[in-house]
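Encoded as structure tokens, the structure appears first; notes follow it.
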Amino acid sequence: MRERMSQISTFWNARSRFQQWGLLIPVVVFLLWLPVLNPPIITTEPATDFPIALFNAAVLALIAIGLNVVIGQAGLLDLGYVGFFAIGAYTTALLSSPDSLLGVRYPWLVIVPIAMLVTMISGVILGTPTLRLRGDYLAIVTLGFGEIVRLLADNIDPLRGNRGFQNIARPELDYPDGSPVFTQTDVLGFYWLAVCLIVIVLMLMGNLERSRVGRAWIAVREDEDAAELTGVPTYRFKIWAFAIGAAVGGLSGSLFAAQVGYVNNQRFDVATSILYLAAVVLGGAGNKVGVIVGAFLVSYIPDRFQFEPQYRFLVFGVALMVLMAFRPQGLLGMRQHLLAYGREAYQKLFGARTGVAPSGMTASTRPEGDLPETRPDDHAGTSPRGGGE
Amino acid sequence: MTAWHHPATPLEPPCAPAGARRLGERVISSFAVLAHAAPLAASTEPWINFDVGLLIDRFWANTINGLAYGSIYALVALGYTLVYGVLQLINFAHSEIFILGVFGVYLTFLAFGFEPGAIPNLPLGFIIVDLIVAGLVGMAVSGLAAILLERTAYRPLRRRNAPRLAFLITAIGASFVLQQVIRIWRGSNPEGTIRLLPPSPVFTIFGAPVTNLQIIIFVASLAMFFVADTFVNRTRLGRGIRAVAQDPNTATLMGVNRERVITITFMVGGVLAGAAGLFYLMTIPQGAVYNGGFLLGIKAFTAAVLGGIGNLRGALLGGLILGVAENYGQSLFGGDWRDIVAFVLLVVVLMFRPTGILGESLARSRA
Amino acid sequence: MIRRRLAAAGALVAAVALVLSGCANQGGGEQQGGGPAAGAPSQPTDAVLPAGNGQGRCAPGTSIAYTGTIAGQNAALGIAIVNAVQLAVDQHNAANPNCQVTLVRADTGGTPDTAVGPVTAVINNPQVLGIVGLPFSGESRAVGPALNAAGLVNITPSATNPALSTNGWTNFFRGLGNDAVQGPAIARYIQTRLNAQNVCVIKDDSDYGIGLAQQVTQALGPAASCQADVRTNQREFSAVIGQVQQANPQAIFYSGYYQEASPLVQQLRDAGVQTPFIGPDGVKDEQFVVNAAGAANGALLSCPCVPQEGFTDFTNAYRQAFGVAPQTYSAEGYDATTILLQGIDRGAADRAALLNFVRSYNGQGLTKRFQWSPTGELTQTPVYMYRVDGNQIVTDSQI
């Protein structure tokens, strides 16, 4: 199994970008058609609507991609990511719901950039004081932040707490026959939109990772002190990671609010935040495709067992434990190309011998557990005392 | 009537010092203006109070209640801190270890033939023996559960040199499993109240009553803490724990059996959580419910970080401070600000003391 | 016309019920606490029951759905309802060999976002003709428009937010009085019967608690002199109690559910606060009495439902089937199911027909008389005050 994975990985890395896209397009098309196909064993029906289950998985995938920037790329343990998701959802609600005291009703497309900007700013506001903390202290502070966002939504009257906001704006588009594309219950449109957003965000993230920013993040993740000493302004790049991650969180929050059409203070709790983390780690922190797979599983497993509600969270818990026991690095391990012209370099070095994984050239390709950072008793980079000694 | 008078004025204590009252009112008004000047505000009731009078009036009562409840936080926090000190692992499933202890205590009550409902009329000696036995059962249940959790969930991961995040996810998975098993077994309603010892005031401090329950819980928790502290700092096994916390590899080379140390650490944390379960059930007899540990676990973890995670004294201090601060915050801002006070306090403390009040390391606390 | 037929059916049902009640009482020997005084009527004599007249005919596969929380947060409330719905369907199917109705259980998880998927699945299932649910106001608001668009009749057994019936939904029916009915009645009781001019209103952070507290506070006017807030899942209330002690009120009204009310009242009494404690229907539950131990004694509980002594048959059957006593909103869920089953028995074969049936329905249930206004509110909603007497909840008076 591991052999096979590494072969696939090698094969993949040896392709040119165009070839990679050529291979990816059918996959994306298949994913777009999946809710229409509604394949028998995979479907979650009749217990819960299959396109909606897929849409929820896609939203979680978007969240996981954003959180992956913070956890997988920059190595910052964020347990309060749901706070950004909530801010995105609430911004959308405040700017479009009739229940909002702002009294405006902007179209969804106008709101999305505003929501992303607001969450980005809140990411900077949260990051500025807290990102000087290291490791698990950051984790608990972010957890506190997520709770504070939720509790503020509960306590501050204009945010309506449990009463919530109704009739939130959806993207306005009609099918030729005049029926709306984006509705709450017929979510094909929303699902396609979500998949397109994922593809766009993935492309942007890919470019960012291969840029100076991405390399700085990896440097921070691997050894913050060494990065600082070699001239990487670590603090600034950590704030960037937070802000960009937050913006994606805001985008997904906005998408979520539009589909449900209603937002209240439920679902923004610590438990949800922890599920996001589970999606990232399960798939393989640092691997964009991995976190999408992880997000799909975290969202899909409880939905698949919806027909037996008494047991579905038990099944989910067992699945988490089993998956982690068998693939501690995540389903797809971390994979990073640090060289700007990495592909050419691999071609030159390994092109002839396709059987060898080019792991030697990628700083963080981690065949299970043979690098010191991956051992539980050695915590360079994430432990509070990791870098300081 | 101006809006801010509505809830604030009638609460103004007749006995509060005039100065404090004026200050209180001034702050209230400025705060209320803030709360209302916001473009979003429309309702007549401000969403935040600033009731200095109530805070002063309730100071001692809040302190006493906070210390008693905070010592439960502290006992649970000790479990988080011990495991963290040794494995650098946030054991998210510890809250479920705690709630298993609560159920252990409760089921012992049932086994003794107590029934939910009224308080039984028994001689004090019987009650004390029953409580101690139930507490021991709770400790045994939690301790065993913690060992079992370590063996089945974490050890396989250690064998495979899994990264730290994998442990975190496994902890979350285990937390789900334990909660759901309890729910499927005992249902989702809280267990009926069994209460052996009703609280009665023993003496007062500045007019605030101190009950027998509060004394028992506070003193017993302190005692448990000192036993744990002595165990870690003065015994051979404790030295092993500190050695592994400081440097697992060197400790192994020096002949410390790392696996055994880890097992013992989990067991000690579990036993303390079981004791906390008894005290919790004595304070909150409605507490035996499958998801009852979650919020308390988060708070206890917050307390551990507040005091300096990995540091036993820090856990005790953090628990007590959190218990007290929550009460002050509730009196000052209103009951719905309780949890926010806890988290804001955490953020503020970490701003000034990035590794918690007492610093972090289990090993270095006495190094 | 319909009325007359119903009256005839009612008489038949009553006869059947008498027979059934005999059986149920024999089997219900393990019943403990909370039972009625001997000789109390076993149910309203003209109550319509799920069994109907046994002559129901419907197409095989005909379904109704329960949509609401089953395993999510606040699952206890959902299970109390879904059990009652199941009981009603089982009783119906046992009595009507020619009409076997299937119950679809859709777990919404109790939150707005998770409700959309299962509810959509129910909407897309053409065999589902009607819905009992959704239990919470938040999720009801989230999926209400979709249910309305699908023309799928839904009777909520527990969502009490008054605003739900103001959305123009034609398929929404509330199986109990809303907060705007109960709130003023409670305030009146507090002021006239208890003569309290200084009342503490404590509310939780749920839609239900906030909405009801608002109604009560408004109706009390200046008498609502102190306000305190608690949170869902809070178990330690010393700071709130401090606030109450300082205000020294003549009555305390708690607006929320029994899970928080039982520790709250117990800690109040422990702290020496003996002020009368009043709770709404969310607190009126056997669990409240059991969990507050002795502290619940004397507590006053209002409810827009007729006295419980009225339906021991249901209580016994429920206890026999599920091993526990019915809880808050169980009986409402049972009544709502009965109405849907009645419609199906009477030949409503599609959603529009069932919706019409419910819209023009007028019949006695266990909890109250059911007849709805065009917006889906009950036309008559008696509010009763109950009292905890020892280990039992007994009727105080209609208010």
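Think of it as A, B and C in the order they're written, each chain with its own count starting at 1.
Basically, a residue touches a chain if its C-beta (ideal position, glycine included) is under 8 Å from a C-beta of that chain, and two chains touch if they have at least 3 such contacts.
The UniProt protein names, listed by chain, are A = Branched-chain amino acid ABC transporter permease; C = Branched-chain amino acid ABC transporter substrate-binding protein.
Fair warning: this is a prediction, and the values are worked out from it, not measured in the lab.
Q: If you average the Cα atoms per chain, which one ends up farthest from chain A?
A: C
Q: Which chain pair shares more contacting C-beta pairs: A-B, or A-C?
A: More C-beta contacts join the chains of A-B.
Q: Quick check on this structure: which chain has its C-alpha centroid closest to the centroid of all protein C-alpha atoms?
A: Smallest offset from the overall C-alpha mean is found for B.
Q: Rounded to a whole Å, what is the gap between the Cα centroids of chain B and chain C?
A: Going by mean C-alpha positions, chain B sits 35 Å from chain C.
Q: When the centre of a chain is set as the mean of its C-alpha atoms, what distance in Å lies between chain A and chain B?
A: 32
Q: With chain centres taken as the means of their Cα atoms, state the distance from chain A to chain C in Å.
A: Each chain's C-alpha centroid was found; their separation is 41 Å.
Q: On chain B, where are the residues touching two or more other chains?
A: 45, 336, 339 - these are the residues of chain B that touch more than one other chain.
Q: Which residues does chain C have that touch at least 2 chains other than itself?
A: Within chain C, residues 71, 205, 231 contact more than one other chain.
Q: Give me the residues of chain A that touch two or more other chains.
A: Residues 154, 310, 313.
Q: In the complex formed with chain B, which residues of chain A make contact?
A: Counting only chain A, the residues touching chain B are 71, 77, 94, 101-102, 129-130, 132-134, 136-137, 139-141, 143-145, 147-148, 151-152, 154-159, 270-271, 274, 277-278, 281-282, 285, 310-311, 313-314, 316-321, 324-325, 328-330, 368-369, 373-377, 379, 382-385.
Q: Of all residues in chain C, which touch chain A in the complex?
A: Interface residues on the chain C side: 70-71, 104-107, 110-114, 116-121, 123-125, 137-138, 141-143, 145-146, 149, 161, 167, 205-207, 210-211, 231.
Q: Show which residues of chain B lie in contact with chain C when the two form their complex.
A: 7, 10-11, 13, 45, 54, 57-58, 61-62, 65-66, 69, 116-119, 183, 187-190, 192-193, 195, 198-199, 211, 283-287, 291-292, 295, 326-327, 330-331, 334-336, 338-339
Q: Under the definition above, what is the set of chain C residues touching chain B in their complex?
A: Those in contact with chain B are residues 71, 73, 75-76, 79, 205, 225-231, 233-240, 242-243, 246-247, 259, 262-263, 266, 270, 287, 290-294, 324, 327, 391.
Q: Which part of chain B faces chain A closely enough to touch in the complex?
A: Within the complex, chain B contacts chain A at residues 38-43, 45, 47-48, 84, 87-90, 92, 153, 156-158, 160-170, 172-177, 179-181, 184, 248-249, 294, 298, 301-302, 305, 309, 336-337, 339-340, 343-344, 346-347, 350-351, 354-356, 360-361.
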